[in-house]
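One chain, chain A, links the two complexes that follow: it is found with chain B in the first and with chain C in the second.
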Partner chain A sequence: MLRFALRRALLALAVGLAVSAIAFLLLRVSGDLAAAIAGEDAPAAEVERIRAQFGLDRPLLVQYAEWLGRALLGDLGRSLFYPQSVSALILDRLPNTALLATLGLLLALLISIPLGVAAAIGRNTWVDRLALGLAVLGQAMPNFWFALLLIIVFGLMLQWAPISGSEGFASFILPAVALGWFSAPVLMRLTRAGMVEVLSADYIRTAHAKGLPVRTVLFKHALRNAIVPVVALASVQFGNMLSGSVVIETVFALQGIGYLAWESISRRDFPVVQGILLVVALFYVVLTMVADLLNAWLDPRIRRAA
Partner chain B sequence: MRQALLDVRRLSVRIPVEAGTLHAVRDASLAIGRGETLCVVGESGCGKSLTSLAIMGLLPPGAVRSAELLSFDGEDLLRAPRSRMRALRGNRMAMIFQEPMTSLNPAWTIGEQLAEPFLHHGKGDRRQARDRAVELLERVGITAAASRLVQYPHELSGGLRQRVMIAMALMCGPELLLADEPTTALDVTIQAEILRLLARLQREMGLALLLVTHDLGVVAAVATRVAVMYAGEVVEEGPAEAVFGAPRHPYTQGLLRCIPIPGETPRGQPLGTIPGSVPSLVGGFESCAFRDRCPHARAACAEPVAERMDAAGHRWRCILEPSG
Partner chain C sequence: MSVTAPSLPAVRRRPGRWLGNPGFVVAAVVLGAILLMAVLAPLVAPFDPYEQVLDRRMLPPGFVDAERASPAHLLGTDNLGRDYLSRLIYGARISLLIGFFTMLVSGVIGTVLGVAAGYFGGRVDAVVSFLVTTRLSLPVVMVALAVVAVVGGSLQVVVLVLGLLLWDRFAVVMRSATMQLRGLDYVLAARAIGSSTPRILLTELLPNLASSLVVVASYEMAQAILLEAALSFLGLGVQPPLPSWGLMVAEAREFMLFEPWMIVLPGIAICVLVLAINLLGDGIRDATAPEGRA
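And then the complex of A and B:
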């Protein structure tokens, strides 16, 4: 297991480097940076002066090394629009998105796993059909629509939770429900499919032959094997949530990463876009690694295969 | 007849299928006394596995069990609540399966899976479970037993996995062991070893053993009684000498075309083959189920065939008069 973890960490490092190179290059190919910094109507001489001042006339590899060195120290450059540095901007917005994503994922898992298990046990009964109905409902409704529904019912009519802003834990409840609701159906279907398959496995019959109680058979013997693909999917979904849902953040006026990215793209604030890109990509790298480790712990055959 | 440890009378298993009801086991009766070995033989699909599973209460979902009597050590299992069955399973009655490659959970170590029934049935603490596991692994012929405990099933060969399954079944010191074709999925060279091991453990531990096998040499060597199944029915059952020495049912006679002689028939000797194939079990039978393949079939065989029994407790289902 330790060797597996080490290899996975090394792999993550390599992927992380590749990702940083891509993030760096994306900005360079997105247009003439010096011209963008100088502004639209700047004379050619001014553009050249800026090019030299920012070191944009040096070889790409040198620029990348310098940029990477700074990025490692937390310096991602300055925003072209805000007075703050890129890292300050991201650090300011990230906690909101992180809290929202964590709550969203927890909610999604809390809904989908018990429901998936129940649907698998009671397959082709009303439990299964109810779970399927909920899944279809979750997937069919556009998430802005569902978010608005939440606002109207729980925010305005029942007044159970605040409907906008990012002050206090309570204001994260409705957006987290909206976010979790949307990713729960796939997780639920996958849990169900995994459980249905595993429950007919020979080793489940063995577990019953030992006289074990049903809950031990279900959770110790079945779920542990059925959950492996769910972990992989959940990590991808968590990555999606961490990169920020523009729609949810906009609807609930939450100052998060998604909203910042959206703003910066429309303002052509390239350093910020690049910084967010890098941070989000690194999240995916780390999450994939964590999911792999978790799965290797759940299913020892994976440790060998890799 | 003295009280058998396991007494099964007129056991039936029905499975609803698209075309109707599959009568997988029909009125099967068996009994095993303490320390006895009952060998069950018969072609593929004749209901051997479902009979064993029905005894353990482990039938697949949808399958329906009924019987006149199903008793274990005098206790009625037909009316036993699930909790009572769980208290017996893995404890006083244990089973090993036809599929050693897939019968162990890939996610848990051998040691954990071995300890499970021991701990669950309250036989002792974790340390005692570990000691017992090592002892049994050694007894089933696994070397470096202690170091196996931390291994996972995928690290073991099929033969080793089946030995682990046997050790696991014995963890609580059961009185009855059901072994459903424990070697069919294994290499020929390992088959004999495992069967010899089972026979030895049966003797040493005084187990009542229900052994489903195709190996007539093994049957001849270890069986106290033999039951021959065909199309869901026990068509012949009796003391091993009687069934081998004077088979009454034409199906048994076909299977025994090379009649095994203790000490002479080589191990690994397969059952004889009989032309034709097993009829569909959907819908049940009005006549003798073997009629299509029987060389002695006659008009009277179209009627339901009653079971007959002689003074020695040898039973069979055929209208023919025993010849000599």
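And then the complex of A and C:
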């Protein structure tokens, strides 16, 4: 296990490094950053002044090394718009996104696990088809549109929940539903597939044969084994939600890092964009590593194969 | 000297499987209709999608409000007096073009990487796995938004950016499919009689990868259409006055309280197209996998 964990951590480190290089390079290669910061009609002298001021005239590798060195110490540079540093801005907004993603994931699990178990038990019955139909329909909807429908129906027509902002718990309800809705289908399918496989296993037949109550067999013997990959996928989904929240946060004007990213992209505040890209990517790297380690710890076959 | 591949298990080639799946048939018909509509847009659309008629602004469709509706505009008009149905019809062109070409770009990248990883294994496999892991760590929407903000939004930019971001699933699926095939007798036989590696890859492996390729391709095309809509909705995708469905939702947003139909209609258009593509992919998967849905 230790050997596996070490190798996995080394991979995470390498991926983290690659991601940092991409986050840095992406905004440098895709255009002239100095001109972009200066604005469309800025005179050439102004562009040159900005280029020198931000050190954009030095070799890329030097700039990257300096940026990464500072980033490792927690300094992601300064925002071009806000008075705070990028790290302070991100730390300020991160709790909102974390709360949103946590609520979204809880909702997704609350929908998908019971539905997945029901679909597996009633395989090829109407329950199964209903669950599958919901999953297929859910995945076909654009997330921003679903969010707007929630706003129209529950915010404007029924007035059950606030439709924008991040003041108070209530304003997280609709965004969490919108975010969770799109993770539910994959989690449901995986729960169903896991349960279908486990339910045909010998030890379940044995458990039934020795006369255990159906409920005990289903939940204590079957679900516990079927749920392992779901838990691992849930942590990956959590990472997806951190990055996927950019659309949902923008629709609901929820002050998280997704909204900050969109704002900063629209007003060309590139140090903030780079910082958020790096932080979100590193979160994902760590979460997938945790998921892999969790899987390997629970299932020895995985760590022997690697 | 050619070594013919042994024919696949008989179940895979039963045409009844295709027609026996109602979801597949409906999806194929719907997709065909949308495709035809997009190609023939100038003939099908009742109005010019860009023509603004200022005294005919925000007319609702007849089924929303029969009194204010105009019989000429079946699905109403937008805030600039442009015919909504015509814009929706032209919008299908944007979604289909972006979906198709993004799928093509990402499909080529992902298939090359995946087949190489699966066939050669070892170091090549390690490098490709690393690339896939790195790619998955990048938040797609944020990266796409940032690049479009710097480069500028246009159809080509959106296709290129999404194409460079969505190849991971192609690579993963092609890798495992190739791994399963590479040890089979007909591949070993081809190698034994001295076929070159490119020949084995192109004539022995690729034809047998086709069905999994089509399934991933349909899924990725749907993803690309959804992402283009989201980018355009956020103002960093296809630019106005183009009738992108995502952009239409964004433009309708300020009128959401009194004219919610303006938001609902383009969303339904996206749903129907994505649903049709996904169901088509599912149908192909079920028809080509002998065991069907697990």
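Heads up, the rule we're going with is that the second predicted complex is superposed on the first by the 212 of 306 C-alpha atoms of A that agree within 3 Å, B and C clash if a C-alpha of one lies under 4 Å from a C-alpha of the other, contacts with A are read in each partner's own complex, and residues count from 1 in each chain.
Everything below uses one rule, namely that a contact is a pair of C-beta atoms (placed from the backbone, for glycine too) under 8 Å apart; a residue touches a chain by one contact, two chains touch by 3 or more.
Computed from a predicted structure; not experimentally measured.
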{"item": "Partner chain(s) touched by A:Phe144 [first = chain B, second = chain C, both, neither]", "value": "second"}
{"item": "Touching partner for A:Val280 - first (chain B), second (chain C), both, neither", "value": "second"}
{"item": "Partner with the higher number of touched chain A residues, chain C or chain B", "value": "C"}
{"item": "Touched partner set for A:Ala131, first chain B, second chain C, both or neither", "value": "neither"}
{"item": "Partner chain(s) touched by A:Ala201 [first = chain B, second = chain C, both, neither]", "value": "first"}
{"item": "Residues of chain A at both interfaces, chain B in one complex, chain C in the other", "value": "none"}
{"item": "In the complex, chain C residues that touch chain A", "value": "130, 133-134, 136-143, 145-147, 149-151, 222, 226, 229-230, 233-236, 246, 249, 253, 256-257, 260, 263-264, 266-267, 270-271, 274-275, 278-279, 282, 294"}
{"item": "Chain B - residues contacting chain A, complex", "value": "56, 58, 85-91, 94-95, 97, 99, 102-108, 116-117, 120-121, 152, 154, 165, 168"}
{"item": "Chain C-facing residues of chain A, complex", "value": "11, 14-16, 18-19, 22-23, 26-27, 30-31, 33, 36, 136-137, 139-145, 148-149, 151-152, 156, 193, 196, 242-244, 246-247, 250, 258, 261-262, 265-266, 268, 273, 276-277, 280-282, 284-285, 288"}
{"item": "Chain A residues within the chain B interface of the complex", "value": "201-203, 205-213, 216, 220-221, 224-225, 298-301, 304"}
